[in-house]
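Below you'll find the structures, each written out as structure tokens.
The two complexes that follow have chain A in common; it is paired with chain B in the first and with chain C in the second.
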Partner chain A sequence: MSYSDATYLVLFLPLTILIYNLMPQKHRWKVLLIASYIFFWCISKKLIIFIIFSTFSIHHFGLWLKSIQEERNKLLKEAEKESKKAIRAEYLKKQRKVLLLGVLIHLGILLVLKYSGFALENLNALFAMIKIPISFSITKYMMPIGISFYTLQAISYITDVYHEKIQADRNLGRLALFMTFFPQIMEGPICRYSDTAMQLWEGKKVTYQNLKSGLLRIGYGIIKKIVIADRLNIFVQTIFEKYSEFDGGIVAIGVILYTVQLYMDFSGVMDIVIGSGEIFGIKMPENFRQPFFSKTISEFWTRWHITLGAFFRDYVFYPLSLSEPLKKLTTKARKKLGKHYGPLISSSIALFCVWFCNGLWHGAAWSFIFFGMYHFVLILTGNIIEPLVNIVNEKLHIKKENWIYKTLQIIRTTILVFIGELFFEAKTVKDGFAMLNRIFTQFSFNGISTGAILDKNGMDLKDFIIVGIGIIFVYIISILKEKNVDIKKWVFGQKIVIRWLIYYAIIFVVIILGAYGMNYIPVDPMYAGF
Partner chain B sequence: MKKIILKCTIFCTIFLIILIILSHIVVPKNNSKEAGMEDELANGILAEPENTIDVLVVGDSESYSSYVPREIWNEYGITSYVCGNPKQPLSRSLSFIYKTFKTQKPKIVMLETNTIYRRRSLMYPLYELSDNILPIFKYHDRWKTLTKNDLFGKVDYTTIQDSKGYYYSDIIKSSKPGKYMRRSKDERKIPKSNKLYIKIMKKYCEKNGAKLVFYSAPSSKNWTYEKHNGVQALADSLGIEFIDLNLKNNEININWNEDSRDKGDHLNYNGAIKVTKYLGKYLYEKNILTDHRGDPNYQEWN
Partner chain C sequence: MDRLIEILEEIEDGVDYKNCKTLIDDHYLDSLSIISLVAELEDEFDITIPTVEIIPENFNSVESMWKLITRLQEEG
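Let's look at the complex of A and B:
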């Protein structure tokens, strides 16, 4: 079962809504929790044990931290002024140990299940290269779907309790629901406890307004996923698997369309997820904010997979940047290199860690590490040349607000994103470079004129036209969103005939133009595998 | 609240009407591939003259790769048709049985048992239902090839399949059977929903004067002794005859070096003929099927 499946949309979600609404308010959270466990069981079977373990574990660590904090507060109340600092330091140490243990347990499970095979494979290769006769046997572990997402939620919970941003929750049921809420469990968004836990617990009634609003968002998401993304699947897969059979121009089209597919798939599923939450009156954090209007790569990552970027910012970048060694380094460097380049050194170290983790989070392969490093280098380069760019702009009287300048920045960023996604999807880094080489050295569109591109790829001209119209449609919606136009408000403000026409249009576009059924292979949500 | 319910009812009614209209437009007007028909080999049954098929075979790819209706006609004058399609689940087998009985009166229905172990999502029966009632979901992609005839024409199935549902292949890809059909006492569990389908199927066949028979085509890749035990137990409990050809190799002589088209997964023509000869003899010895070879109404079979 996945979010764009009929099983979810026609059976699971409506049944859950119905039972949820029939229950008295104080029991509604239980309906959501049971539904979430059923959903998780359907996608991961007995591996459900991992998320149950994680839930018990963060419940325990949260309370452990809380008990230390309460003990400290009690002592602080009774302590003399001069001894308070020492008490704080002592208890901070205690808390740090607990936090470290909690984080290590969660990271440990993720590392063993997701990365041990990759690490041992590389160790074996290294030993073979330097002729050490040691070889580890590699065990492939079954991984519960969504582990990369809920592990980050678990870590954020313990860390937030440690920082006393939130109170540790004594209620195991509430915590379990925060961890497993079914719409978010496969692909996020990576929610913080403060984002959703209380809303989930509240058990608000499903209102007609929420239902309409949620369904409209779900409809938009299904169009993106089933009509556009899934339609592109065979074409994109063929180009990436057999790139050596195609001209550079066609490979470039494949790379662009892969990025389109990934965006439509992931953001489409997010629309379904957030729309599902909306029906229950739950406001989940947004994961996309028109990423293809970004003027720089850093900006792109504040608009694409926002909750992952925010996690790395809050739980890796800031703690590292504000750590004592890096603070000292910044102070020293500022004196020698000045206000811009001084702090850049320590922030670059933190940035390196963020992008290494970001790359690795996506999967255990060198191509993902390369993907992370690619973005690190781009952002670092942007930071380094920023003063120079400012000088050149000033000398040439180029205004940053100028729309031509902005458009050129957007085009440049988009091209850099395409290249990044090329390495993201390529089987190996070597394949990625070979594809890039083909694009630049053998750029032609011969396959289009001979029609070969249509024969080989499971997509005919009409499919390309549908994809084209779909992209234009999503682009227009994105422009409106960028201009802060409330599209839902506009739709709901229309007369009933227009409103219903819009609803019917969405439903029948999905039914008629959806890439499902006998001529298509079902495509699982692309981010569920991470 | 009443207003909301009324609005929802009107909305759903209009939705249903549009679905019915669209279904009428996209449904293939003939049972040929060119007209857009899915599984045109299996759906060739739709064009067979009324009450001319005596044996119906259903199942997944193992069925249409192992049973050659023409061979049985040539030997015994018995008419049969294979309504098998790739990965056919039991809900689809049942659907083909219903479809066939609308125009035919087969006396024997043979179910190839590989499909008994196929698991399908909870929604599959609903898909099946929607396929039959609202074909827009199955044939939605036909918007690409619609013609004027689709808008105004009537459904008329006229395309007869010469192979009567058998899928011909003379490719040889040998296999090494290895542990194939190594004796075991264990039983492979059959999904409960599939057991229910079998019961419905049996009841329906009996009600329509037909006998349901299980047969398992030789497949060194798909079949195991555990599966045999599972199906045998089910067959015994329901009083259904079960012919497991995987256990009868001394009689049919499948040679895995030359009788498979894909390394033991499916039989090729050579292998299918061996299986069909055995099944033909079995059907003939039932003494309930007529030899139609001299009958002018069956001219097309000659």
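Let's look at the complex of A and C:
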């Protein structure tokens, strides 16, 4: 079962809504919890044990940290002012050990299941290269779907309790629901305890307003996923697998359409996920904010997979760049290198770690590490040349607010994103470079004029037209969103006839133009694999 | 509070710190400025700013930063 499946949309979700609403308010969270465990069982079977373990584990670590904090507070109450600092420091040390153990356990499970094979493979290759007669046997582990997402939620929970941003939760059921809530368990958004736990627990009644608002969002998501993304799948896969058979221009189209597919797939599923939550009155954090209007790569990552970027910012970037050694480095470097390049050194070290983790988080392969490093280099370069760009702009009287300048920035950023996604999807880094080489050295569209492009890859002219219209439709909606137009409010403000025409239009577009049935292979949500 | 504004001006000048309430939201202070700012504030006011406090609400205006500083000083 996945979020764009008929099983989820016409059976699982409606049934859950029905039972949820029939229950008295205080029992509604139980319905969500049972539904979430059924959903997780359907997608991961016996591997459900991992998420159960993680839930028990964070419950325990939360309470452990809480007991240390309570003990400290008791001592602080009775202590003289001078000794308070020492008490705090002593208990901080204790807490830090518990935090470290908790994080290591969760990270350890993820590392073993997801990365041990890759690490050992590379070690074996290294030993063979330097002729050391050691070879590790490699075990391929089964991994529960969603582990990369819920592990980050678990880590954020323990860390937030450690920082006393939140109180440790004694209620195991509430914590279990926070970890497994079915709409977000496969692909996020990566929620913080403070985002969703209490909302999930509340058991608000499903209102007509929430229902229609959630369904409209789900409808938009299904169009993105089934009508656009899934339709592109065969074409994109063919180009990436057999790129050597196509001209550079067509490979470039494949790369652009892969990025379109990834965006429509992931953001479409997010619309379904957030819409599902909305029906239950739960507001989940947004994961996308019109990423293709970004003027720089840094900005792109504040608009694309927002909750992952925010996780790395809050739990890796700031803790590292503000750690004692790096803080000292910043202060020293600022005196010597000035206010821009001074903090750049320590932030670059932290940024490197962020992008190494970001790349690796997507999967255990060199192409993902390359993807991370590619973004690190781009952002670092942007930071290094920023003062120079400012000087040039000033000399040439170019204003940053100028729309031509902004448009050129957006185009540049979008091209850089396309190249990044090329390496993200390419089988190996070598394949990625070969594709890039083909685009730049053999650029032509011969396949299009001879019609070969249409025959080879399972997409006919009708498919391309539908995708084209779909992209224009999503682009218009994105412009409106960028201009802060409340589209839902507009739809719900229309007269009943027009409103229902819109609802029926969405349903018929999905039924008639959806890429499902005999000619299409069902496509699992792309981010569920991470 | 004047010292705080002086520190901010040393880090990023040309911003109307007295009146601006969206220093983070409108990108007047980016992550590089925040890293410098935190180091300076910790030195100047003898406080430790935990990373969990580095949120827009605490850095969007001089007033919110001042509130954070006094709170952390009181907590010792």
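Keep in mind that, in the parts below, the second predicted complex is superposed on the first by the 530 of 530 C-alpha atoms of A that agree within 3 Å, B and C clash if a C-alpha of one lies under 4 Å from a C-alpha of the other, contacts with A are read in each partner's own complex, and residues count from 1 in each chain.
The rule is short, and it goes like this: a residue touches a chain if its C-beta (ideal position, glycine included) is under 8 Å from a C-beta of that chain, and two chains touch if they have at least 3 such contacts.
Predicted model only: the values in this text are computed from it and were never measured.
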Combined model on chain A where chain B meets chain C, clash or fit: fit
Contacts of A:Tyr208 with chain B and chain C, given as first, second, both or neither: first
Partner chain(s) touched by A:Lys85 [first = chain B, second = chain C, both, neither]: second
Inter-chain angle, chain B to chain C through the CA centre of chain A, in degrees rounded to a multiple of 10: 170
Which of chain B and chain C A:Met1 touches, first, second, both or neither: first
First, second, both or neither for A:Tyr263, with chain B first and chain C second: neither
Partner chain in contact with A:Tyr504 - chain B first, chain C second, else both or neither: first
First, second, both or neither for A:His163, with chain B first and chain C second: second
Which of chain B and chain C A:Arg334 touches, first, second, both or neither: second
Overlay on chain A, chain C to chain B nearest C-alpha distance, Å: 42
Shared contact residues on chain A - chain B and chain C: none
Contacting residues of chain A [partner chain B, same complex]: 1, 5-7, 10-11, 208, 460, 462, 500, 503-504, 507-508, 511-514, 516-519
Interface residues, chain A side, partner chain C - complex: 81, 84-85, 88, 160, 163-165, 313-314, 317-319, 321-322, 327, 330-331, 334, 339-340, 342-344, 346-347, 383
Sites on chain B touched by chain A in the complex: 4, 11, 14-15, 18-19, 22, 38, 121-123, 126-127, 136-138, 140-141, 143-144
Residues on chain C engaged by chain A in the complex (per definition of touch): 10-12, 31-36, 38-40, 42-43, 49-52, 54, 76
